[in-house]
Amino acid sequence: MSTTTPTSFPAPDIALPIAGSAPARPDPALIARLQEVSSATASALLHKLGVRQTFIEGPETRLPGAKVVGPAVTLQFMPQREDIASGVAQEYAERASALWHVLDAVHSGDVLCIQAFGDAYSGCLGEMLITYFKGRGGAGIVVDGRIRDWPKVREIGVPLWTRGFTPNYASQASLFPWAYNVPIACSRALVIPGDIIIADDDGAVMVPAKLAPLLAEQSAAHEDWEAFSRARLAEGGSIWTYYPLSEEGRREYEQWRAGRGEGA
Amino acid sequence: MSTTTPTSFPAPDIALPIAGSAPARPDPALIARLQEVSSATASALLHKLGVRQTFIEGPETRLPGAKVVGPAVTLQFMPQREDIASGVAQEYAERASALWHVLDAVHSGDVLCIQAFGDAYSGCLGEMLITYFKGRGGAGIVVDGRIRDWPKVREIGVPLWTRGFTPNYASQASLFPWAYNVPIACSRALVIPGDIIIADDDGAVMVPAKLAPLLAEQSAAHEDWEAFSRARLAEGGSIWTYYPLSEEGRREYEQWRAGRGEGA
Amino acid sequence: MSTTTPTSFPAPDIALPIAGSAPARPDPALIARLQEVSSATASALLHKLGVRQTFIEGPETRLPGAKVVGPAVTLQFMPQREDIASGVAQEYAERASALWHVLDAVHSGDVLCIQAFGDAYSGCLGEMLITYFKGRGGAGIVVDGRIRDWPKVREIGVPLWTRGFTPNYASQASLFPWAYNVPIACSRALVIPGDIIIADDDGAVMVPAKLAPLLAEQSAAHEDWEAFSRARLAEGGSIWTYYPLSEEGRREYEQWRAGRGEGA
Amino acid sequence: MSTTTPTSFPAPDIALPIAGSAPARPDPALIARLQEVSSATASALLHKLGVRQTFIEGPETRLPGAKVVGPAVTLQFMPQREDIASGVAQEYAERASALWHVLDAVHSGDVLCIQAFGDAYSGCLGEMLITYFKGRGGAGIVVDGRIRDWPKVREIGVPLWTRGFTPNYASQASLFPWAYNVPIACSRALVIPGDIIIADDDGAVMVPAKLAPLLAEQSAAHEDWEAFSRARLAEGGSIWTYYPLSEEGRREYEQWRAGRGEGA
Amino acid sequence: MSTTTPTSFPAPDIALPIAGSAPARPDPALIARLQEVSSATASALLHKLGVRQTFIEGPETRLPGAKVVGPAVTLQFMPQREDIASGVAQEYAERASALWHVLDAVHSGDVLCIQAFGDAYSGCLGEMLITYFKGRGGAGIVVDGRIRDWPKVREIGVPLWTRGFTPNYASQASLFPWAYNVPIACSRALVIPGDIIIADDDGAVMVPAKLAPLLAEQSAAHEDWEAFSRARLAEGGSIWTYYPLSEEGRREYEQWRAGRGEGA
Amino acid sequence: MSTTTPTSFPAPDIALPIAGSAPARPDPALIARLQEVSSATASALLHKLGVRQTFIEGPETRLPGAKVVGPAVTLQFMPQREDIASGVAQEYAERASALWHVLDAVHSGDVLCIQAFGDAYSGCLGEMLITYFKGRGGAGIVVDGRIRDWPKVREIGVPLWTRGFTPNYASQASLFPWAYNVPIACSRALVIPGDIIIADDDGAVMVPAKLAPLLAEQSAAHEDWEAFSRARLAEGGSIWTYYPLSEEGRREYEQWRAGRGEGA
């Protein structure tokens, strides 16, 4: 296997990794309130506000039952280019890569969101780096692609949404880590560092940072009448009356809510 | 976000939802006999009868180990059309939709089959409606698409075959509920209301209503010789003799069957 | 190849083909006005009116440069079911099928729209039937699937949008003709018989019948200022001024329009 | 870019290329008769004989109007394995490869069929080799994948069915030439060397060698009554009478055929 | 459903099944050493040696936590051809098929690898045959396709990597068993009988037989420094120092390794 | 269609469009030399240099025979986010968008490369903007997605590589213009502004700016011996001798080259 590969390419004038600004982290009280909001409620309310593409389709939970709410830090893979970063010697080259840097930029409570084009052959993260991520207090990881070392990563217990697993390492196939804390296309959702990620068994939803307080407020009301409806439906009540609330249902709900208040 | 959206569209002359006739429900004795038939046996025997496309490919079990047999009631989504049913105000508009109506048409033991074009962004059902479905005695749900509220739906315990989950509600993306109890294309199987659905961990199979008695009969014989073969293979018997039965194997089987009869 | 196929199946109680009502045909004057509207203008204006899914994605023109405007007649394929209509003896069985009936229901100027699930193995129409379609004055055909006999069909010269070609006949693979003149999902657009189809090299667009007059009106204005802009851009005018029209651009346009009027 | 790549791998004990036996070529008279048979007629008649998967779905004609009939010689690509054949030094290594050998095995009138897994990044053939193929009298090429050098290959004028084009050479991406004149999976059709390929604008069809004479015979009859029907339909005849032939239509046809005979 | 199907086709001159040579089985000591190697380490080290396509993408573990290492025996499906092996009478015809023969060729510790084109409608194996496979001491199964009878197969407990499940049997749809112990394309990896398969929760990796000893050697060193790094990262050590090892990290590691030796 | 859409969203603190630096344009002499290089030769030589992912797979030529060589200016679409840029009022909002800005940044001879995720529903450019592009001297356009207004754009005659056409405008569906003259993922190739694009009927290839001179040099030699080989193959020469050149072939070639020199 003799090749004419030059030992070094004349590389483009680009200093890697591309680095965005560290995002502002949200008020912990806001995060606490959003812990009560399911990804389904978030997606529905944002849609009614007029923001339609919030679902990060593709990544599925790998820790069933896990729920994560936190600000996004982002990592962006790009198609491999050997004149910039060799795919062959990549594991060591990552030392100067966005993959290492983003991990060093993680704060406690952050959710790492990764743009990886759904690639089936690139393992964006493995056991070692996820161990480190957990050590820094990372809350969860959403990858529009795959990770590796699942037999060991499962033990670590970090909430994780991926498209699957692969034995390949990050730059073994057609992608390599390019930028961090920049806006990314995480599947078909635009995620800006600092946006709030709400992820559970339904999947991961992007909440624009500035809409998060409004969402917290609206969802409280939403969850309240749904609790009432759920109780009625469980008792055999009619969907025509209780879901959504008809006028009659709403009157009953107001009484129920008032009564609950009295009882408190 | 200013738009020129008219407050009301001149709508087509179509009364929604489109409603088919309530299907005849099968004899409970037939359903009881089919409880012994796996989806694999059903699919194989129907194929040998000449009916090839019975497997509803795509929806996977979400309650491993669950087995369901029952008559199909059907729900058909169609591509969204805002001049007919607005996607924006849809949750409340569903009150007059096929989604609400089909649930009100469910009988105890029914299997709800949904045509949803495999869409990844539409959650055809959620916790509230599945709660109601269970309350009416629905046996199971097969969706060629997704549902939402999985963190809560899992607790309800309704046997469920879907292509996955999504936080989006039914009409949030590109589909909306259009018709019920009409023939549907559930993935690549044509399901007519009243056909029998047999679903287990291998997937869901459509059994034409009028072939179900013949299937029950043939499968009893099939299961019987397979039980004999399984026992022989487990003892180290040869596949050439015991699967399928060679002439020699068949003679042994006939003796085994006769002997079993004597013992009874 | 010995089989246990019964010579006749106990068939479901369904009279095929399923037939919808013949659609009302539009005023020829309306069609004439819409001949000036490109599919691109139709899609854009409908989107601004709030109707988003009008593009029938998938079928591509097979007669480059062809433009068609006309009311939709519809044909719906469904997954093959041998207990209803045998796939083996299908060519002759089609005599009682939706495929033959829809052709007999074609009026001069109609556009035949076919739901075929994008199937690559079913040739929904062939030379003989397209010859007949042309003889009846059919204006064009939009198939979310394929046709056959392209070497001969090309000669017939009917404007045609398909996903490709196949040597297979209509029911040779996994679909068969089921219903006609019913609402269909033509790719991701809901087409109701009588809706207006506008198709050209960009593809085919569904225009809801009741919005067609509004579209004709708005597009006339739209095309007018675009003609002005095009002329200016061709002379080296700035996109900031002329596309879309800035206030300054609009003033110029008003003068141009007025001047043109004077000149007439 | 320093690597630990060994200069030579311990290679598996496999002598490449894998070579099958040269196929028997059919009687030229048979080929001549099949020139009258379209791929559509071939596919339909074979289906009625019980052979269903004859359409080589995917490759499209690149020389519209071309028609080819001839025996298949086959070439099989397999996933790249650098321990067997380096992907880096591949262009020269091909000298000992199935790609070179199959070209040397082409007879005048042969159709080269290539299994390439639909790969978009491997150009199975280029200008040089297609020049050579034409020089040997090759009739046409069907590739379940792509070729390269299309700007120059178009000039050569060899009838060609491919999934598209690519600038990459044969082993640049994930495949390499492995075997020739062995049975292959050309898309979803099993092609055995010596089978007859009939390809035109509808696509390419595999005709089992031993069924080809029967096909030639049946198609002659088929084409005859279709010619009659076509004439009648063109004159405004009814599809109910003339396509397919009703009893009445068949009587007319028999007369027409007899009359034609008399006239001869 | 009357057809013109001949009772027997003139079949091609091919003796089925196609049979390759029985592979040499590896030294048990080698297999024992590779038990310590994860699929991720195998894939990474092979990539660094220059062999890139070793991951068998698609099949996922169905027995989470299972780990298998063993020599490959192979089974190759091909597109169905009724003139060779009828799809209708197939279950019994399999008696003379590659599917039965490969099972009879399984040795204790073997991993069965199946080329099935990712087909969703063909169940390559079912309960009976997997029972037999287990009885012969088979170590695991990797299918680029699906199996059937999952409700019962799960109980058998054979480690299994598949693309999913189906109720259909092996030849019910578009494939049939064609050859065994021949080189196969298992997804995008070329597997030669006797190659070593390492499969775990990350997926299955093909290790060329002749590179397996080198892999065992290199992975031991690799696992050793990773154990050191993991310990350091768990204690809060920096990724810049410990993953991969910086010069400083490597010095520490050498001391740690030496110290460990002293302690032994 | 009443909604609770707020008239204005609290928007993220992002000034759109994101703008990169204007790329350096190459020496016209370099471009002239590269005009002789096909995309196939470029891709092959870059691969041999070690740069593997240079083919922009997906976009196909829409002006058969066209050949373009020029520096890349880039445009990046991102998933739609109504809190940033409304999809409803988008056509006018584009005035402040990357789409307008990149067109104003085009120099004569530039090739516009667009990242659009292969989207089938977004028409990245239309007649008006392509008219403007041509007026500025743009050499060609490569879109990993679609354009609209093809009936009129075809007349303009700008060389164009796209995945197809759509009647929808740029932001009508799920994407909107986000950044320009930044590095983009154009299908699976990383394109940095200023890289050289070579596009012809085989597709478009990215040539890293700093490797372009080396490519020009190597391709001259490559084209020269291929011209010799082509001549020999056309005369019936053997592929074993002439493609690639054997030692004997190379000696002949050297003589041919020398002789040609003498003749000059």
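First chain written, first letter: the chains are A, B, C, D, E and F, and each begins at residue 1.
Note that in this section a residue touches a chain if its C-beta (ideal position, glycine included) is under 8 Å from a C-beta of that chain, and two chains touch if they have at least 3 such contacts.
It should be emphasised that the depicted structure is a prediction, and the values quoted were computed from it without experimental measurement.
Peer 1: Starting at chain B, how many touching-chain steps does it take at least to reach chain D?
Peer 2: Between chain B and chain D, the shortest chain-hopping route counts 2.
Peer 1: Same or different for chain D and chain E, when you check if over half of the residue numbers at their contact belong to both copies?
Peer 2: Chain D and chain E contact each other through largely matching residue numbers.
Peer 1: Using mean Cα positions as chain centres, tell me which chain lies farthest from chain F.
Peer 2: Relative to chain F, the chain with the farthest C-alpha centre is B.
Peer 1: If you fit chain D onto chain F using only Cα atoms, how far does it have to rotate, to the nearest 5°?
Peer 2: 120
Peer 1: Quick check: how many Å separate the C-alpha centres of chain C and chain F?
Peer 2: Their C-alpha centroids are separated by 32 Å.
Peer 1: By residue number and range, which residues of chain F touch two or more other chains?
Peer 2: Residues 1, 3, 5-6, 9, 48, 50, 52, 82, 86, 88 of chain F each touch two or more of the other chains.
Peer 1: Tell me, which parts of chain A touch chain E in their complex?
Peer 2: Answer in residue numbers: 1, 88, 91-92, 95, 100, 103-104, 120-121, 123, 126-129, 131-132, 135, 148-152, 154, 164-169, 172.
Peer 1: Could you list, by residue number, the parts of chain F that touch chain A in their complex?
Peer 2: Touch list, chain F to chain A: 3-6, 9-12, 14, 48-53, 78-84, 86-87, 117, 174, 178, 183, 185, 188-190, 192, 208-211.
Peer 1: Contact residues on chain D for chain C in the complex?
Peer 2: Residue positions touching the partner: 38-40, 42-44, 47-48, 50, 52, 55, 57, 60, 65, 67, 200-203, 205, 226, 229-230, 233-234, 236, 239-240, 243-244.
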